[in-house]
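Common to both upcoming complexes is chain A, partnered first by chain B, then by chain C.
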Partner chain A sequence: MPRFQLNPLTRRKIRRFRSIRRGWWSLVIFTFMMVAALAAELWVNDRALVVRYQENFYFPTYGAPLPGTTFGLDYAYETDYRDLSRRFAAAGEGNWVLMPPVPYGPYSTDLRDDLFPPFAPDWHQRHFFGTDTVGRDVLARLVYGFRIAIFFSLGLLVVNYAIGVSLGCAMGYFGGRFDLFFQRLIEIWSNVPFLYVIIIISSIAVPNFWILVLIMAIFGWIGITWTMRTVTYKERERDYVLAARVLGASHGRIILRHILPNTVAVIVTYAPFSVSSGIVALTSLDYLGFGLPPPTPSWGELLAQGWTYMSAWWIVASVVGAMVVTLVAVTFIGEAVREALDPKLYTTYE
Partner chain B sequence: MKNGAVMPINPKSTKDPDFKAILIFFLIALSLLITACDGDPSADPDRRAETETAKVAASPARRPRQTLPEGIVWQTNDTDPVFASPEAVRGGTLHEALLSFPLTFRTVGPDSNSSFRSAILDNQLGLVGIHPNTEKIIPELASHWAFDDDRRTMYFKLDKRARWSDGHPVTADDFAYTLDFMRSEHIVAPWYNDYYSREIERVIIYDDHTLAVVAARPVPDLHLRIAIAPTPEHFYGQLGDDFVMAYNWKIVPNTGAYQISDFEKGRRVRFKRKANWWAEDRRYFKHRFNVDTVVFTVVRDFNLMWEYFKKRRLDTFALNLPAYWHVKSKTDVIEKGYVERIWFFNDTQQSAQGLWLNLDREIFADRRVRYAFAHAMNIEKVIDQVLRGDFYRLEHGFMGYGDYSNPDIRARRFDLGKVEALMTDAGWQRGTDGIWARGDQRFAVEVTYSLEEHTARLVVLREEARKAGIELELRRLDATAAYKKVLEKKHDVAWMGWSTSLRPQYWEHFHSANAHKPQTNNITNTDDPQMDRLIDAYRNSLDAGQRAALSRQIQEKIHEIGAFVPTFMVPYVRQAYWRWWCLPDPAGTRHTGDLFDPFSSATGGLFWYDAERRTETEAAMKGDHGFGPVTRIDDTYKMPSLR
Partner chain C sequence: MTAYFIRRLLLIIPTFLGITVMVFVITRMVPGGPIERIIVQARQMQSSLGMAAGAAEQRQPLSDDQIARLKAYYGFDKPVLVSYGQWLAKVLRGDLGTSTRYYDPVWRMIAERVPISLYFGILTLLMVYGVCIPLGIAKALRHKSGFDNTTSVVVFVGYAVPGWVIGVLLLTLLASVWEVFPLGGLTSDNFPDMPLDEQIMDILWHTVLPLTAYVAGSFAVMTMLMKNTLMDNLAADYVRTAVAKGLPFRRAVFRHALRNSLIPIATSFGNNVSVVVSGSFLIEKVFNINGMGLLGYESVVERDYPVVLGILVVSSLLFLVGNILSDLCVAVVDPRVRFE
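== the complex of A and B ==
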C-alpha cells in the first residue's frame, strides 16, 4: 500500500506553520467552530436528541418533523419538545426527553406571558447569550448565522477564485490584446461602487443564498485576477516555462502543470483574508437589511438589533464578540500561512 | 411620523480648555475643507428666506362679477364647543425633527409629495373646515356658507379680515385663480390638473368677498370636495414653463398662523408665528397656535432622534411603538419626571392594515383556502406577546368611520380546528413536512412587506402559521420596490396598510374596474358583480343615511370574500414631551393624530409653552432632584367598542 507522501518542501511549510503558535491555534479553534457549526443541529436545536416514549426511542433531530400526536399530544403540528420534556417529567411514567444543551432553534421564539423580549442571559432557561428582540435565542442565531456566513464566504471564495485565477492566468500568460482588453474592462468594472449596486439589486429582488453569492462574485473576482495576472507574467518568463515550451508542451499543460503550482502560494495566502472579507460583506449587507431575507439567522441582523436596543447589551456584545473571535482567528491563520509560505524565510539582510 | 425637533437649546460649552482648543482647530480645518470643496448648497450660510416680495405680478385682469341669486340662506357655526384651552399662553420655540430635508417647498409638481408638505399646506387655510369633535362645518376663510338646491354648488362669504402673509387681502379672485393654477400644465402635476378639471367645474365671483364653487356633479359631502384653498394670484401671476424650477425654494404667501422665516438646505426650516394673525380671535382659532417659533431640524435616523430628544434638542417624541413606551422609556429623564408621557385615545379613521391576498393566484381562488389562511394568522398572539397588548385587533378594514363602520363584523380568529376542517374540505392534505399540499401544490405563500420593524411580528405569525400547516415566506423589500410589486399585482400576500380619508373609499380597492390590471389600488383583484353593484350604489347615492347603510353592507361583503385579513389598529397616540409643554384637558380632539402638531387647522396647535415650569425643571435637573414619573392617560375619546 503506497504511503501518501508529501513533498518535503510542503512538509517543511507545514512544520513552519505549526511552529507559529498563534496561527496554529487559530486554525484549531476555527476548525472546531466549523465542525461545531456543521453539527449545530446536535447541540443547538429545538428538536430533542432522543425521546423515550412508551418503550420506543425516537431520534427527531434530522428528518421530517414528528407531529405532536406521535407522543400522545393533541395537536398535529410539530412537537414542542421543551414542553414535552416538562410534561413527561410531570407525568413520571418513565418517558423522557433528552434535549440538546441549547434547546432552541434559530427560528423558535420563546415568548412568555407578561414578559417581553429581549431577555437577558439566563442560565436556568438555557438562554446562555440571552434572546433577541423577538425572543429568539442569541446563541442559536449566532451559530446558525455563522454557518451561513462561513459557507457563504467559502462559496464566494470558490467562485471568485475560479473566475479570478483562470482569467488572471490567461491574461498574464497570453498577454497582448487579450490582456489589454481585460485590463481596461477591469479598470472600468472596479470603478462601479459595488455595495450600492448590490443594494439596488437586492432591493428590487430579494436574493437567496446562491444569487447573493453570484451578485457579489460579479464584483469580487477583480482583486485576485489582478494578482494572478502579475504573478503569471513573472512566471511566464522563467526558464522552466521556456524549457517546457521548447519541449513542445501545450498552453494548457504549461499553465496547469507548470505555472499554477508555482502560484499556489499566492492563492493560499490570499484565501483567509478573502474569507474574512466575505463574512464582513455579508454581515454589512444584512445589517443594512439588503442581505439574505429574514428570518434567516444572520450576524448583521443581530448587529442591527443591537444598535436599536443598546440597553440589551447581550445582543451587541455576543455578536461583536463572535465577530472579533472569527475575524481574528481567520486573520491569524492568514498571517501564519503567509509566513510559512514565505520563500525569503532564511534570507537575512545585513 | 413626527418627532420633536432640535438644536441645542443651551449649547453647553465644555469646561475643558484643551478639548475646546482641539474643537476649534477641528472646526477651522473643517471650514477650510468646506470652502475648498465649494459648490455645496448645504454649506451656504443661513439664507434669509426670499419671501413674499420675490415677485410682484402684474395685476391680473379683473374677472367678471355676477349677480348673487335670490333666496340664499346663509349659515355659520358659532355654537359648537371650542376645544382649545383659555389657559394657553403665547411664546416659546418648538423643536421638531425631520428624517430628511424636503426636495422642494412647492406643494404641487415633481418631488413635492414629501411628508414635509403637510407643514406648508396646513398653514394654507381652506374656505371651511370640519370641527374635529362634532364633524360639523366650521368657518375658516369663509365666515358664512350656503348650499344650493342643485347639490353641487356652495356659496361662501369670505371673512373680510382674511389676509395673506404679505398683507394682501384674500379675495374671491384668489379662489378663481386656484382653478387656473391647478389646471395649468406648467405645474407638472397631472393628478391636480385632472382633479380640478373633472371634480370642480368653476368658481363664480359675485363680489370681492362673495363666491360660489360648483362641483362637476352632485356629490355626497359636498363641502369636503369644494372647500378649496385660495392661491395668491398677486404672487404667481402668469405661470410659465419655468414654474417647477423657479418655485422650488420660494416661500408662498399663506393664510395660516405660521410662515417659513428662514431655512438652511439639508439642515433646518424655521417657521415663525405671524405677529397679528388675522384669525387669532376667531372662535375656533382662539388660544391656539401658541408657540412663536417652530424649528424643523433634519435628523436622519430614528434612534438618533430619541437620543436628541433625551438631550433636550427635541421637545417631543412619539412613543407609539411598544419598545419605546415600555423599554426605552425606562430612562433617567422620564423616571425623574423631567419628561412627561401621555397616552391619548382618539376615535378616528383606522388605516386598513393587514394581509391582502392576491385572488389572481391560483391558490387563493378557493374561498375555503382564504378563510383557512385567515384562521391561521395568530394576530392575537402577536398583539399579546410581541406588541405587549398595546395594539388592538382590527376587525375589518374600515373602523372608526362612525355610522359608516359596521360594528358587527369580527375578524376571523386563529383556530387550528377551523383551518383543518376548511382545508380538508377543499381537498388538501398535510404533507410529510406538515404543510398542506394538494397534487404538486404546497401551501407556501410569499408575504411582501417593507418595514424592518414589522419583521418581529411576521416572524411570530410565520411560526404560528407553520403549526396550521401554512408556510409564509417573508420577503422584505425596500418600500418603493414593495409598493411597485404590489401595485403590479405580482405579490401572493401583501402586508400593508392604506391611508385613510373622511369617508370610506371602496371603488379603488374592491371594484372590478380596477382588478387584474397594474397600477391600481385593487391589490386583491377583487372581482365580484355583487360587490360592484354595492359600490356603484354607494358612489351614486347622495343620501347620507343610505350611503352609511351601503357602506356597512360593503364591509360585510369584503369580510365574506375574505381577501383581506385585518391585523392591528392603534386608536391612540402616545407621546413624550419635556415638562414645560402644556396640553389642554382633554389633551386633544376626537381626530387628533399628534398632540404636538403645530399647524393643522383642524386639530393642531393646542399645546403651549410654560417658561416658569422650564426654569423650575432646569433648576431641578441641575440639583439632580426629580419630580417622579408622570404618565397621563386620557381616554375621553376612546372607541366605545374598546371600553
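== the complex of A and C ==
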C-alpha cells in the first residue's frame, strides 16, 4: 500500500489531463527532450564513449579530460577522439574507439583543408544538421543550447514566481494602501521598455547565467503578481476565509493553509506559458547579442548566424524546427493543463 | 463615467513621470554616454595623427575645461533630478532635444520613421482583424471538425513561435534560397528611377514577408480569443432560448452570440494605437526596415539617449492613452459595463 495517497480531486484532474491526448503526448515528448538534453554528453559529444587501448577500457565521457599521452599520442592536451578513432582503425592493432552518434561537442570545430564552413548537412560526416559558420555542429549547438535555455527559463520561472506569488498574495489579501502603492509601481514598471533596459545593462557588463536570470526577473515578476493579486482578491471574499478568520486563524495561516492551495490551479496553469516565454526571451536576447556571452551554445546566436549567412539555410531551418517542436509542445501542455484544471464543456450545435 | 475617464486621464501624469524618471536615471548611471564617446574619438584622432605625446596626455586627450564644457552642453554637470527637470521642461514645450549621435532634432528623426511603422501597423491591423474574426467564427461553429483541427495547428505554431523567428525563416527560404522575395528593406535600389506603378508594386513586393511575420505574431491570440468567447456565448442560455423559440441557428449566431463575443476583442483594441506606431524592433531589424522600432533599438545600442527618451515619451504616452481607449471601447460596446 502506498503511504502517499493523492487527493481524489487531484487524481481526477490528472486523469483528465491524460485524456487530452495532444497535451499528454506533448508532455511525453517534452520529458523525453529534457532527459535527452540532460544526458547530452552521452550522445552528442566529442569525447568517446568507450576507448579500448592496450587491453584497457577507458570511459572518457564524464570526468577530467584524458591527455593524448594516455593513448600513446605525442601531445599532452585533451585527446582528439575522432582523430584517435581514425588512427586506431588505420593501425589495426585491436584498439578501437566508440564515438557517440553525434561525435561533436558544442564547442568543437570541424576544420578541413581547402574548405570553409558552414558545411551542409552530411550523413557521412555525421553532421546531421550541418555546421555553423565556424564549423561547429549545428545539432550539438542545438542540444546544448536547449539545455541552457530550458534551465534558464525554469530558473527564471522560480525567481519570478517566488516574487510574484508572495507579493501578489499580499497585495490581494491586505489590499488598501499597500495594494495601491504596488499597483502604481506595477503600472510604471510594466511600461518601461524592458528589453531596452536589459540591453543597456548587459552592454555594460557581459552577464553570466544567473545575472541574466536576475536581470530578466526584475521585469518578469509583473505578470504573475497581477494574476495572483486578482485571484487572491477573489478568494479573500469567500466564506471559508471568513470562517477561518472567525475561528481565530492568523493572517499567515489563512494565506498559507487556505488561500494558497486554492490558487495553485492558476499558478500551475501559468507555468508552461512562462517557460515558453522564457525560452523566447533568451533567444531574442541572444539573437541581438545581449544574452549569454559567446561561445555559449544558444538558439538565438544560431539564428543570428543564419540571418547573416543566409545561403546556409540548414542553420535557420534546424533552429526554427527545434523552436517549433519545443514551443508548440510546451503550449499544448499548457492548454491541456488549463483544460484539465478548469474544464469548460462547450455545447456544440449540430 | 465621465468622471472616471477624467480621473484616468489625470493618472497618466504620475505614471508618465515615473516611467521617464526611471529610464532617465538609468541612462545617467550607465557608463558609455556621449562624453565618453567623444573622449574615445579624440583619443583615436590623437593616435592616428601620431602625436608624440606623453603617457599622461595619451590617456586624457581633452582638457578638464573641455570636459566641463561638454558636460554642461549635454546637461551632465547637474544632479540627475535637476537635469531631468530641465529635460521635462523642454519636452513640455515640445522640444525633445537633439540626437547626440547624428545631431538631428529628435522630433524630426521620429517623424521620419513614423510613416513606415504606421504603414505596417495599419496593414497588420487590417489583416489580423480581417482574418481572425471570420476564422474564429468558423472555428467555433465547426468545433472539433477537421477544419478546426488543421487550422489549430497553424494557429498554435503561430502562437508558440515569435513573429521575428518566422521572419528569419521566411527570409532564408523565400528570399535567399528560392529568391522569390527581396532580402529586406522597403524599396529596391533603383526605386527613384521607376515609374509610379512599378514603385507601388516594388513596395508591395517588399511588404509581403514582413507583413506575414507581423501578422503571424498577433494572429493566433486573436483567433483563439474569438473562437473561445463565441463558444462560451453559444453555450449560454440566451442563445439556447433563441434557438428554442425557433430562430434559425445562423441568425442566433450572428444576431445574438456574435455581438456579445466581440466585447473581449474590443478590450484589446485600444492597445493597437501603440503597436501600430511603434512596431516591433525585432521584426524591423530582421527585415532591415527603418521604422520606429529599429530607431529605438539602434539608439539604445548607440547610447543616443535623447532619442531613447524621445521615443519613450511618444510610445509610453500612446500606450497609456491606448489603455484608456480600450476601456472606452468596452464601455461603448457593452452597456453593462459601468466605470466608477
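Just a few scattered comments:
One rule holds for everything that comes next: the second predicted complex is superposed on the first by the 340 of 350 C-alpha atoms of A that agree within 3 Å, B and C clash if a C-alpha of one lies under 4 Å from a C-alpha of the other, contacts with A are read in each partner's own complex, and residues count from 1 in each chain.
One rule holds for everything that comes next: a residue touches a chain if its C-beta (ideal position, glycine included) is under 8 Å from a C-beta of that chain, and two chains touch if they have at least 3 such contacts.
All of these numbers come straight from a predicted model, not from anything done at the bench.
Applying the stated contact rule after C-alpha superposition, one finds that A:P295 touches chain B and leaves chain C untouched. Look at A:P65: by the touch rule set out above, it reaches chain B but stays clear of chain C.
With both structures placed on the common chain, the touch criterion links A:Y107 to chain B but leaves chain C unconnected.
The partner of chain A that touches more of its residues, comparing chain B with chain C, is C. Contacts of A:E78 after superposition: chain B is touched, whereas chain C is not reached. Using the contact criterion defined above for the overlaid structures, shared-chain residue A:S311 touches chain B and also reaches chain C. Contact with neither chain B nor chain C is seen for A:W210 once the two complexes are overlaid on the shared chain.
After overlaying the two complexes on the shared chain, residue contacts for A:F181 are found with neither chain B nor chain C. By the document's definition of touching, neither partner reaches A:F32: not chain B, not chain C. Comparing the two interfaces of chain A, the one with chain B and the one with chain C have residues 203-204, 307, 311 in common.
Of all the residues in chain A, the ones that touch chain C in their complex are 184, 187-188, 191-193, 195-197, 199-201, 203-204, 276, 280, 283-284, 287-288, 303, 306-307, 310-311, 313, 316-317, 319-320, 323-324, 327-328, 330-332, 344, 346-349.
Within the complex formed with chain A, the chain C residues making contact are 14-15, 18-19, 22-23, 26-27, 30-32, 143-144, 156-157, 159-162, 164-166, 168-169, 171-173, 175-177, 183, 231-232, 234-235, 240, 243, 249, 281-282, 285-286, 296-297, 300-301, 308, 312, 315-316, 319-320. Those residues of chain B that touch chain A in the shared complex are 303, 322-323, 326-328, 330, 381, 384-386, 388, 416, 420, 430, 432-434, 452, 455-456, 458-460, 462-463, 466-469, 473-478, 480-481. Of all residues in chain A, those touching chain B in their complex are 64-65, 67, 75-78, 107-109, 111-113, 116, 133-136, 203-204, 206, 289, 293-295, 304, 307-309, 311.
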